[in-house]
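Letters A, B, C and D name the chains as they come in the text, with residue numbers starting at 1 for each one.
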Amino acid sequence: MITFTSFPVPADDTYNGAHSHHPDVSEDVLMDLDDDQDPLEAGGSKLTYPGESLTSSQAYMRGHGTYVENEEVIASVAGTMERVNKLVTVRAVRTRYNPEVGDLVVGRITEVQPRRWKVDANSRQDAVLMLSSVNLPGGVQRRKLESDELQMRTFFEEGDLLVAEVQAFFSDGAMSLHTRSLKYGKLRNGQLVTVPPVLVRRLKSHFIALPCGVDLILGLNGYIWVSKHVKASDQEGEEGFDAEAVYSNQNDYIDDLTRIAISRVTNIIRVLAAHFVPLTDTLLLEAYEWTVDQEGGAKDLLQEDVGDALVATITARL
Amino acid sequence: MRPPSPSIPEKEFLVASLKESLRLDGRLPLETRTPILTFGPELGWVECALGKTRVVAEVEGKMVKPTPERPFEGSSRYTRRYRPWRRASTSPVGRASDEEVTITRMLDKVLRRSDAVDKESLCILAGQRVWHLRLTLHFLSDAGNMLDCACLAGIVALKHFRRPDVEVIGDEVTVHEPTERAPIPLAIHHTPFCFTFAFFPDPSIPPVIDPSQLEQRLSAGLLSVALNAQRELCVVQKLGGVPLDPDDVLKIVSVAVQKAKELNNVVDARLREDWEARKVEVT
Amino acid sequence: MSATVLPGTGVPAQRVNLKLGPGLLQNRDANEAGPSIITTRAGTLNHSANGSRWWVESNSRRYVPAPQESVIGVIVQRVGEGYRVDIGSAHYASLDSLAFEGATKRNKPNLKVGSLVYARVSLAHKDMEPELECFDAQTRKSEGFGELKGGFLVKCSLKMCRDLLDPKHFLLPLLGARFPLEAAVGMNGRVWVSAKEPRQIIAISRCIEAVDPDGGGLDEAGVKALLGTLDV
Amino acid sequence: MGSRVEILNDGGFRSDGRRQFELRDMTIDLSQQGQADGCAVVTHGLTQVLVSVFGPREAKMRSQTMHDRANISVEVNVAAFSTGERRKRTRGDKRILELAATIKSTFEPVVQTNLYPRSQIDVYVQVLQQDGGLLQACINATTLALVNAGIPLLDFVCAVSGGVHSTSPLLDLTLLEENDIPNVTVAMMPKTGKVTLVTMETRLHVDRFEEIFRLAGDAGKVIHGEMKNAVRSRTSALVAAMGSGPRVGGVDVAADKDGDDRMNEY
């Protein structure tokens, strides 16, 4: 058999199967595959692929990631099977963000429409932020006026980033957001990193202040905002609501050390995401300390060997 | 403004009646509309009608210098005129709709790539003079299944066409007027016919041949088979749509084999009839 | 009483209180010699007994909305407080969800995209989208308008629709004598029909297509012969 | 030009040394590429295709949204360097439009689009190298990219090409063979064995067609095995990586909560 090698074989987590088959032996191959299933059930939950039949539909109920045909529950995505009582669901490993009420998300304004903004939140449809769901200058309890509708762009315009909470769903499944809390609103003084949403786990608080003077907002939709630390006193009290500051487009002064710290945290997140490691505050902190100990610059992290070493150390420690 | 999709009652009724093997025009599921072929005064002008679907095909022949790569072969070109039903297509102006692309590619495969016309017999003088055929198809109205209608019109026009007789003495080419010598038919290797079947998502609905416009729009997949009366397949095309059992596909193919034989007889009879009528005119 | 005319023919309509129907135009800058009213369509010229109303009758397939005509439309979109409806004209018509019998702010009909409605054109202005209503604005009763459920939609020429609306036309009584049927005729070239058996609905649909002057143009005897072959 | 080359020699070998029913090397790379939600690079011998999938996401053109399901849009780009003869194909090329339309209609009934009303799924197919079996490579790569993006599918779609040399059927044709003999591409869904796509050009007798058609259906199962393996090892690698992070107490609670929510939805 002549083997052609066209491109260098890609590294680590890729799959390479260079086999040639003869239909006569195909039966054996298929049988082998079926035998292989047990070792793959590592971690207690079974791995599925689309079209794999899981169980009978008479004994179990189908949940997300499955469908029923011929009285069988069949997986429709590749992922891990979970069973809660009679309900069988399959959670895809990588997928777009699936919103739930109360989730904290980071999003970007894509469109200004009458009395609403459209927000890209890495979901299957753009989210909606109603004008009535934001805090307006001049007191939290203030009524919305027609003049507010005319100057919507002074609050948020296309491209602005914001942090918000999922409030409700529309009938077609699109999510509605709100920013009616002083924690939420427009984002400044930092940069955005995108990771697969599954890597952001639900935490007690998604606002994380690292001791290195960097604030993190872990949006459950996989958008992460890394910014300069803002003193907590600035955010206190409803009277302290300062429209100028909340809807400002101007960055504060950020010194060089903070800038480097922000890039370092960003790069750590990128490296962890590339290795598909879920993010938590302790993990990030450990990683930050490790990188400082290594005495490398923030950019060295993106080199493959440094990144691998980081992940190896961090995951070993925990 | 794209045309709205058929309304819910239309859809439900079509599905309900197809389940009882009833079609809106009174046909059986595997019954084609009888093609009506009308020949024009000129040879190679044919209008083909399947119900209200109508396509006109015309063939013209002229002498050209062959391409240097193929000095012994004549050439052919197909032109399609879609204008009248462009209105109904859903794509933005200027870009071909999916249906248009399918029909264009399918015609190309059925009429040209299956070598229906013997290209070498179109050679008059090697490297100097060959016949160039131009087949133009005009799509006049769409009441479903334009593809089969267009293929039929095209192949019948090619069979109907006759080129003037040519005499070669040395390097001298003399073209004889039809009044002098009888014109000669093209050398046709085989006569492919195209049959389109429509499938529906509900497995209890049988596939229907030669779908009408409503059936075509509500179907969940089309399968086109082009073949000749000698049981040779030229094109089998099922581009996606509802998945089928392999046995069903083979069943469809055998239905098409039967239909091709019948259609071949019909076409031959019509061509002979027309030719007889013309002879009387000449004498 | 009627004569065949071509566009641009002068019409000898002379009356103080003259009403012009479709296909006729008043020639405003006519001098003394020219005719004051001309035709703009080919067809047959008709007028009422006393000569006060004149119109040209012709056949076409494209519907131009006119007020108070009943039409059959397909819901294509839901927009806020109403629907957009395809009635076969150049533009979609709008139908307010309050324009139904018994509809209130709280209790509105819920029509899906793709539903059929039988409605009346309440507004048809050349510069505006046509508007529909499914009730009589005075009595607020449905008068037979509303959603059409089940059945089938037959498309035919505009002339065929007008013929079917004529109580003297033979087709519907002829079919009705054979089996019970329901029909709603829109002026926009659409006829909704319903019967018990699918095969009966198919028979109605094929008869309408056969009788359509734009298609087969069959007469009463022809339809009877056709029905004989249809097994209903 | 092909007539000088022996398609199948007396020893039963093909021009590249394969047997009649032998498939070419198949390599699958499912690693992350750029910002795509899912991608796959599939190689059949010297044919290589990269497919990236984005979505389901907000439809860019409002006219393309459908109120009850997601719209799938497919764009095919053939690299100018992918064939021996360097040439640029424009986007309006009928052959490429047909390929894109074929991929779109093949996956429309397989992807559960009704779960994502008003959204759009974009599939970008990049043909890197061509040596026969282009359609099969495109279909297989699109399946894997969609799986990789976590988009629910009813089943895999596995495609194989085949041809007939005089009376002997061959599988997985190279460009050389494709130009010379009648060829068929069949895409099947291994779970039910049903066929979603069949294309055949050039003349072939009905009986021969049946033979190669059934054979290609069987070969699809072999391809399915390869694809399944690739998806499995990718999934387990990702799950293993995720497991390496700390397990926060809240996670399991959240999972239970999800379950309850979903039960309410049904």
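Criterion: a contact is a pair of C-beta atoms (placed from the backbone, for glycine too) under 8 Å apart; a residue touches a chain by one contact, two chains touch by 3 or more.
Chain identities (UniProt): A = Exosome complex exonuclease RRP4 N-terminal region; B = 3' exoribonuclease family, domain 1; C = Ribosomal RNA-processing protein 40; D = Ribosomal RNA-processing protein 41.
Note that the coordinates shown come from a computational prediction; the quantities given were computed from them, not determined experimentally.
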Where chain A and chain D overlap in contact partners, by chain label: none
Shortest chain-hopping distance from chain B out to chain D: 1
Centroid comparison with chain C (C-alpha atoms), farthest chain: A
Most centrally placed chain, judged by C-alpha centres: D
Approximate Å spacing (C-alpha centroids) for the pair chain C, chain D: 51
Whole-Å separation of chain centres (CA-atom averages), chain B against chain C: 38
Separation of mean Cα positions, chain B and chain A [Å, integer]: 54
Residues of chain D whose C-beta touches two or more other chains: 67, 189
Touching residues on chain B, where the partner in the complex is chain D: 2, 95-96, 98, 101-102, 104-105, 109, 113-115, 190, 201, 220-221, 223, 227, 231-246, 249-250, 253-254, 257
List of chain D residues in touch with chain B within their complex: 63, 92, 94-95, 97-98, 101-110, 184, 188-189, 192-207, 209-210, 213-214, 217
Complex interface listing, chain C residues touching chain B: 74-76, 86, 91-92, 112, 114-116, 148-153, 192, 198-199, 201-202, 205-206, 230
Partner chain C, residues of chain B touching it in the complex: 1, 4-13, 16-17, 20, 22-26
Interface residues, chain A side, partner chain D - complex: 1-4, 6-7, 9-10, 13-24, 26, 29-30, 33, 36, 40, 42-43, 45, 47, 49-51, 53, 61-65, 67, 69, 74, 76-80, 82, 84-85, 87, 89, 92-96, 100, 110, 118, 120, 123-126, 172-174, 194, 198-199, 201-204, 274-280, 282-283, 315, 318
